[in-house]
Structures are given as C-alpha cells and as structure tokens.
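I've put the structures underneath this note.
Common to both upcoming complexes is chain A, partnered first by chain B, then by chain C.
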Partner chain A sequence: MQDIMAILPLLATCAGAILIMLVAAFETFRREGISILGIGLFAFAFFVQLTVENSSPIMPYSAIFNGMLVTSTFTKAAGLIILACGFFSAIAAQTYFTQNRWFVLEYYCMMLFAACGMILMTMAAELITVFVALEIMSLAIYTLIGCDRRSVIRSEAVLKYLMLGAFAGAFFVMGSVFIYAGAGSTRFVDIARAVSEGGFIANPALVGGSLLIMVALLFKAAAFPFHAWVVDVYDGAPMPVTGFMATAVKTAVFCVFANVLLINTELRDGWVGYLFWISVLTMFVGNLIAIGQNNLKRMLAASGIVHSGYLIIGLVAIGSDTVSNGAVIFYLAAYAASTLGIFVALSYLGGEDEKRIRFDDFNGLARVRPYSAACITIFLLSMAGIPPTAGFMGKFYIIAGAFKHGFVALGVLGIISSILSVWYYLRLIISMYFREPQEEFGVSEMTLAPLGTFALAAAVFAISFIPVVI
Partner chain B sequence: MINNYLALSIVLFCLGILGVVSRRNVFVVFMAIELMLNAANLGFVAVSRLHVNMDGHVLALMVMAVAAAEAALALAVIILLHKHKGNLDTNIFSLLKG
Partner chain C sequence: MLATYLFFGLALLAVLGALGLILFKHPMNGAMSFVVTLISLAGLYALLSAKLIFAIQLIVYAGAIMSLILFIIMFLNIQERDLPIDSNRWFYLAGGIIVVAPIAGLMIKIAKSLPEEHPELIDGFGDVKTVGHLLFTEWLLPFEIVSILLLVALVGAVVLAGKRGVN
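Moving on to the complex of A and B:
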C-alpha cells in the first residue's frame, strides 16, 4: 500500500492519458474540450504529486517495489517540474492549434504518456526500468514531433531523432548487459554493493558498462560529443513540443544521470575527470553554435546545450555528499520556467505556420505588444543569469558549489561561458526594443497562452526565493 | 562455453554499429539497430547462465517488448517518409542541415 501511494502521481498521469484516448473516440468532444481536459489532467497530476508525502526524505535509496523504484524529495521535485512543464506546454499547444488550424486528438494523450515515462524515469532504481521508462518517454516524444503528418520537415526531424535515439537506447541496453555481467544484478543497490566489495577500476565489465551507459545518457542530455542532433530536431519540431522537449525531457534525463552517479562514490570518482572536460566543451561548443544562429528556435536549442553544460558542472562538483542534489534541481526548475516561457510566448507570437522565427521578425515587438516583450525580456535575462531572476540564483548555487568542492577552474569557466551567452540573448532584446516595428503581430483569437506566459514570468521571480543548501 | 556466447554478442553489437554508421538506406539502418538490441538480449541470457539466476531472461523479454514497440513506430515513420519522398536514401533528407 505504501508502494502504491508513492507512485500515485505516475498512476494519475497514466490514467489521465488513457482517459483522453478513450474520450477522443467520441464525436462530441472536439478540439476545445480535449485541450481543456488535457490541461486539467496535468494540473490534477501536479497536485497529486504535491500532496504525496515522502516518509524518509533524505535517504539515497528509500526503495519501493523491492528496490526497483526510489522516491525522495529529489524525485518529488523533479516530478513537480515535469508536470508543471506539461501543464504550460499543454496551454501553449492549445493556442498553437487554434492559430495553425490543424489538430490531432491524440496530442494531449501522447503528452501525458511522455510525462508518465519521465516520472517513472526519475524514480527508477534499476537499469532496465530506466530503459523502459526512457523508451516510453522517447516513443511518445517521437510521435509528438511527427504528429503533423503533412509537413516534410517534421517527418525528417522524427527520422533523425528516432534513429539516433534508438541507437543511443541500444548502447544503454548493452551497457546494462556489461554491468549485469560485472555486478550480477541490474539493481542500483546491488551494483553499489558489488562496487564497494570488488572495486570499480579492477572490474573491466563495470567500467565498459558504465561507459556505454554514460554515452547513452550524454546523448539524451545533449552533451558535447553527442549534441549535433539537438539543433536540427528542435528546429523541426512544432513549437510547444520543442518547449516540452527542451525542459521536461532534460529534467528527467538529468535526474537519471544524478541517480546513476549516486550509486557509489568510487564509480562516480572514476567518471568525474571525464565529465569535467565534457561540461567545459559542452558549454563552449554550445555557445559557438548559438552565436552563429539567425533562427530563434535554433538559438534556443543551442542555448539548451550550454545549459546542459552548467548542469553537468552541478553533477561533477556537487553530489556524493549532498544527497538531495538541491542545486541541480533548482537549476532545472529555473531553466524550465524561463525556457518554457519563451516557447509559450513564441507559440502565440510566431503566427501561422511559425512564419515569425528569425531575430529580425521580432523587430519592434515592444512598441506593438509591450507586455509580451517585457515577459520575453525577463525570460532571456533569467537564462543569461542577470540578478533578480531565478536563472541567476541557479547559476550562483551551481558555481558556488563548484568553488566549495574545489573545482575552481570549472567555476571560472562557467562564469566566462555565461558572460559569452549574454551576447546572443541581448540580440533579441535589442531587436525587440530598439528597432522599428514592421508589422502588427496580430493574434487571431484571445487564448490561454498569454496568461501562461505571464504566469511563467511571475514564476521566474518566485522560484528564486526557494532556499537551497549547497 | 558461455564466453563464446558473450563474444558473439559483442561481435553482433559491433556489426550493428557498423551497419548504422555505413549504410545509407533508412530501412537497413533500422535493421542494424534491431541487431544491436538483439545482441544485447543474447548477452543478457548468456550472463544469466553465468550467474545462475533468472534475472537476465526476464530482462531480455522486457527489451524485446520495447524493441517491438520501437519497430512499430519506426516502420510507420518509414512509410510516412516514403510517401513524402518516394525514396529511402538518407542523403535526400536534407531540409534540416544546420
């Protein structure tokens, strides 16, 4: 019974997805009804997750289901972020569908299934459970990207993501085989015991297996050697789906990453040296890609790579002793609020068929729609890390943690990278405020997305008040 | 004896990687990915014998179920692409070259 209570948010999300699937079969429910139902179900699952109590909040593996899943304050916070991302992406999708005059009923059902996979992923404490959750999430996301079947670009984006994602998934499974061979089990507790008894470097199967698993996770997290797909896939996906991928998927992947690194200190220390360089290269390569972009969506995708770099700093520097990984989860929340905010704003400002997508297309937005422009400015400043916002606090906690644990070089490089990133964020602010408007930025109907944008702008400030221990 | 099965599993996995990297037809690339997953399944069953417990068999079944779901989606995507382009060569899918 305790076990069932702990996974209640997962069950609520899954039941919601099935409910929408069944309801979609009836003729009487059309676009508006299904959209409101989808948004409502995300809100419901959010409150279920909020009310779930964790009996033992700090233990690293307070296991349920016989050690297959774990719940802690970390997984609870991650679940809240994922469901909030789903809620705001659903609001963005409702507006996007109204503006683009196409709709598939299964869209919200797929979003809920993706959220279900993500929540399972944050809780998983066994390698094949991680794999199954990863695939539940990925298959739903592939479908979401390709749900506009008329468009050739969307189909190509699905192909690219599907092939590379399945390739990375195969690496993950092979890594699990190696770890199963080395440790005799795929459960995290047993792996931890095997490592502490037999050593990590002395066991080639464990080293090889964890390498393959790192490759798969770095691929999903869009870190340096495996970042090339991100820009193309984000560019090809519909706007609300891009926002959902950039925030919720990243949260789920980094939770698994943190959980895997928490297995054992020796295993973690074996990889920290490599993760150091990966995080540095991820930040600087991401910045170089972002500076060269003319398309707003591609710029945001590249800035997502840079933020993965900061999160890896968090994983490298903090971790073994701070079990709840507060700084990482705080950064994920701050990043999710600001990135999703921009995508929600773009899904109603983008116009029909995403015709406004380049920097120049937003010239003079502040004259025509001052409130939307102000919100976008808040989001961009938060992503760049300018003081009163959540993005600044997130960067502060991560970099302060790096200094505190002796990774001074990493902290300094993180600061340099965040100064570099101001350049491309300011470019959009300059075109919005200091150029003459060329068009009206007409929005066809008043819908929910502007409200969602204002709520997220408020959240950017509200999140910065959450206290974090580093 | 079991070492041979593990070696075969690794060889199949490497053949799969080679197929993904070198082939230009979407269909063949997808088959290579399936080969990689099945190599892992063989590895699971072999290691299961090595450790004399049944976990590996169950894990192999799980992976098979996921692979089937993935195959269903991938075949649908392949049909969709064939409708759009009439060809399955990866070189013609070039709208998203950054």
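Moving on to the complex of A and C:
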C-alpha cells in the first residue's frame, strides 16, 4: 500500500497524459475543453503528490524495481514544485492560445508527459533510469517548443535544443558506461559502496564518468561553459513553454544533480572545487548577458543562467546537513514562483503572436493595468532578492549555507552578483512606472492567466514564510 | 590471437567509417560510410560474445534505421548545388581536435585503468534467454519506462509532422 502511494503522483501524471492523448482524438473536445482538462489534471496530480506521506525515504517495490526508485521528502517537495509549475504553465497556455492561434490538441498531453519524466528523474536512483527519464522530459519539451511550425524562430530554437540536447544525452550515457566500468553497477547505492571501498580519485573510470555526467547535467541546467543555447532557445519557445522550461526543467535537473552529488561525500568533495568556479562564472557571465538585452524574454533567459549559478552555490554545500539540502529546494520553489509569475503575466500581456516583447513595449503599464504591473514588480523584486519576498529568503539560505561551510568568497560573490542583477530587473520596473503608456494592453477574451498571476504573487510572499526543514 | 587481429581490423573500420561520415561532402556518401561503422560495431559485439546485441545491431541499426535514413536522403534529393559551402571546415575540425584532445587523454587513462584479466563468461552469456531474463527481472523499471519514452516520441512525431490548423 505504501509502495503504490509513493509512486501515485507519477502514475497520475502519466495516466493524465495518456487520457488527454486519447481524448484529443475525439471531435467533441476542442481547445477550451482540453485546456480545462489539462489544468485540472495538473491540479489533481498536485493534490495526489500533496497527500503522499513519506517522512523517511521509501523504495517503492524494491524487490520488483530492484531499488531503482527512491521517494523521500526531497522528491516530494520537488514533485510539488514541478506539478505546480505545470499547473500555472497550463493556465498561462490557456490564455496564450486565445491570442495565438496555433493550438495543437496534444499540447497539454506533452506537458503532462514532460512532468511525468521530471518526477521520474527526481525519484530515480539508477543512472539508466535517470537517462530514460531525462529523455522522456527532453523529447516532450522539444515537441512543445516546435509545436508552431509556421514560425522560423521556433524551428531554429527546436533544432538548436535538439542537437545540443542530443550531445548532452550522449555525454550522460558515456558517463554512465564509465561509471559502470569503475563501480561495476549503475545503481547509486552500489556506486556509493564502490567509492567508499576503493576511493574516488584513485579510480580514473569513476572520475571520467562523473565528469561526463556533470557535463550533461550542467548543460541541462544552463551553467557556464554550456549556457550558450539558453538565450536563443528560451527566446524561440512559446511563452508558456519558456516558463515551464525555466522552472520545472530546472527543478528536475537540479534534483538529479543533488542526488548524484549526494551519492557519496567523497565524490562530492572531488567536484566541489570545480563547482565553485563554475558557479562564479555562471553568475557573472549570466549577468553580463542579461545586462545587454533589450528583449524581455531574452533578459529572463539570461537571468535564468544567473539563478543556476546561485543554485550551484547551494549544491556546493549540499549533503553536509539537512538545512543545505532544504536551501536548494527552497530556492527552486522561490525562483519558480517568481519566474513563472512573469511568464504567466507575459502570456496575457504579450498580445497576439507575442508582439509585446521588448522593454519599451511595456512603457506605462502601471497606468493602464496597475494590478498586473504590481504583480510583475513583486516577481522582479523577488528575483532580485529584495526582502520580504521568497527570493530574498532563498538567497539568504543559500548564501548563509555557503558562509557556514567556509565558502566565504562564494557567498560574497553571490551577493555582488545579486546586486548587479538589480540593474536589469529595475529597468523593467522603471519602464512600467515612469514612462507614458503608448497602448491599451487589451486582452481579447476572459481568461485565467490574470488569476494565476495574482495567485503566484501571493505565493511569492507565502513561500518566504515556509521554514527550511527538509 | 585471431580475436586480437579481428578486433583491430574492425575497430579501424569503425573509425574510418565514422571519419567518412563527417568528412564526405554529400549526405549519401556519409550515410554509406556510416553503414560501415555500424557493421563493424556489430562485429565487435560478436567478438564480445554478445550474440543478441550483434543480431539487433545488424537488423535494427544497419538494416532498419539506415534504410530509413537513406530513404529520407533520397526523398530530399540533395544535389551538389544544394549543399552549403563550408570553407572553414578544416579550421573548425582543427579547433574541435584541440578541444577534444584532453578528453581523449582522459579516455586513454580510463582505458588503461580497467582490469586486464578476462572474467569467465556465465553459461548462455549474451543469448536471448539470458538477456531477456535480466531485462525482465533486474532491469524491469528502465524497460517499463522506455515504453513511455516511445509513446512520447510517437506523439511528438505526430504533433510535429501532422496536419496544421486545428483550433
């Protein structure tokens, strides 16, 4: 009973995806019906995940699945973030498709499949399983980006992401092969045993294997040497998909990252020195890219790189105590709420065919739509890390963790980077509040996205009150 | 001894085929030299007594997938004049080699660190029954979730290639 409960969220998302796939074949369900169904299924899966009670780690069906799945409070929190991101992206998509006429019926089906792959990724405790889950997620995301075939920019984005993603996948498989050669198994428990018995640095196969896996994960997380694709792909993807990618995909990837680093402390210590430099470079390169952008979506993509940098700071300190693990998941939740909030807001403010996308297009938004402008301001302040928002608490936990573990330089650089980032977040606030409006920002139909925006703005404050206990 | 000669011959063929894939200008020549790589890989699997993988490599990769690729190239009917002029290819190739060289060094180090002795093969190693038994007992979960992966790929292909204009 406990076993089936533990994997119920996974089953719910997967069954939901198949349900939409089947329903899309009937004439009776059109855009509105399928949208409501998709939103409802995400909400259902969210509540299923919420009811799962696992204070201690469980291996569901350990005899049948050979201990390849592990659920814990960590995976539960990650699952909740992923499904909430899916729910709000689905709300954004519902509104988006009233203004952008290229809806395909399988859109929500692919979103649920992607969520299914992400939940599987967070639960997997074996490298081949992680790889298959990673590919489930990636294939669904490629499809979501490329749904609108009329647009050249979408095709470019999907081609770039597909090619580079295939490289990352190949690196991951190659890494798994080396780890198998070094440890004799791809299960995390066996790798941990092999490392503690034979040592980590003394085993070149393990070092090389984990290096290649790091490369693949850093690519998916958009960290420094592998960040070049992010801006173009995020810019090319449709608005709700960009929001989904920036939040849910990042959550899943960082959970796998944390799981891999948590295999063994010796393995983690072997990489901490390099992760230090990667996080510093990720933050500052991301900031440099973001400062130069005039396009809002590209700025948000670049700021996603910066936030990956902060999350890697969190990873440097991970595993040593419970608070550090909680800090990463807390930051992911805080970042997801604020980033997704902006993307939900842009889904209805963007207008037909995403015509409003530059900073100047939002001049004077506060005069015309004061509540939306206020929400966007809250999200931007949270991303910049201004108290009392969730973004501030997230940065606080992460930087406090870095100080506590002796990475004082890293903590200080994190604060400097966070101050730099205020530059481009304030730019949008200035154009919304201190410029004259040039248009009406009309929204054609009654839609759900404004409600989603207000809910997320409330969430930004609510999340900051959650104490880190994981 | 024969196995060693066979290994070096097949490995050389595999690398030459892969080089041909990236160096030939016309996609059809590239695809044909890729077939050489796939078949020599099948030979390498046979040397490792992996009978099932040997057969699958020949039937699925060298057979089914390659003929699909050839079909697509023929459908597109790519002529010499359709190909882009890549005047900098040698420059990029040199750059790539410089970037990849340290990784190659690491690979050699890893390969040297692997144990030299040959473990005894279990009875029925690499045949259908043993592989199937392993797949459905120890590796059940990855096997099951591959079905989700295939479903996603199928639906994704239909979405990307299907008719437009549903609303």
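Definition applied: the second predicted complex is superposed on the first by the 452 of 470 C-alpha atoms of A that agree within 3 Å, B and C clash if a C-alpha of one lies under 4 Å from a C-alpha of the other, contacts with A are read in each partner's own complex, and residues count from 1 in each chain.
Note that contacts are C-beta pairs under 8 Å (C-beta built on N, C-alpha and C of every residue); 3 or more make two chains touch, one makes a residue touch a chain.
Since the structure is predicted, the reported quantities are computational estimates derived from the model, not experimental observations.
S.K.: Tell me the contact category for A:128 with respect to chain B and chain C: first, second, both or neither.
M.R.: both
S.K.: Quick one: classify A:142 as touching chain B (first), chain C (second), both or neither.
M.R.: both
S.K.: A:211 contacts which: chain B (first), chain C (second), both, neither?
M.R.: A:211 contacts chain C only, not chain B.
S.K.: Return first, second, both or neither, reflecting whether A:235 touches chain B, chain C, both chains, or no partner chain.
M.R.: The answer is first: A:235 touches chain B but not chain C.
S.K.: Determine, under the contact definition given at the top, whether A:73 touches first (chain B), second (chain C), both, or neither.
M.R.: A:73: touches no partner chain.
S.K.: In the superposed arrangement, does A:156 touch chain B (first), chain C (second), both or neither?
M.R.: After superposition on chain A, A:156 lies in contact with chain B alone.
S.K.: Kindly classify A:265 by the partners it touches after superposition: chain B alone (first), chain C alone (second), both, or neither?
M.R.: In the superposition, A:265 contacts neither chain B nor chain C.
S.K.: In the overlaid three-chain picture, which partner chain does A:176 touch, first (chain B) or second (chain C), both, or neither?
M.R.: First partner only, chain B.
S.K.: Output the chain A positions appearing in both contact lists, the one against chain B and the one against chain C.
M.R.: Overlap of chain B and chain C footprints on chain A: residues 128, 132, 135, 139, 142-143, 146, 149, 178, 181.
S.K.: Can you tell me which positions in chain A touch chain C when the two form their complex?
M.R.: Contacts found on chain A: 14, 18, 21, 30-31, 64-66, 68-69, 101-106, 109-110, 113, 116-117, 120, 126, 128-129, 132-133, 135-136, 139-140, 142-143, 146-147, 149-150, 178, 181, 203-205, 208, 211.
S.K.: Using the touch definition from the top, list the residues of chain C that touch chain A in their complex.
M.R.: 106-107, 109-110, 112-114, 137-142, 145-146, 148-149, 151-153, 155-156, 158-160, 162, 164, 166-167
S.K.: Okay, in this complex, where on chain B does chain A touch?
M.R.: 6, 9, 13, 16, 20, 26, 29-30, 33, 36-37, 39-40, 43-44, 47, 50-51, 53, 55-56, 59, 62-63, 66, 69-70, 73-74, 77, 80-81, 84-85, 93, 95-98
S.K.: Which of the residues in chain A end up touching chain B in this complex?
M.R.: 128, 131-132, 135, 139, 142-143, 146, 149, 152-153, 155-160, 162-163, 166-167, 169-171, 173-174, 176-178, 180-181, 184-186, 231-233, 235-236, 289, 298
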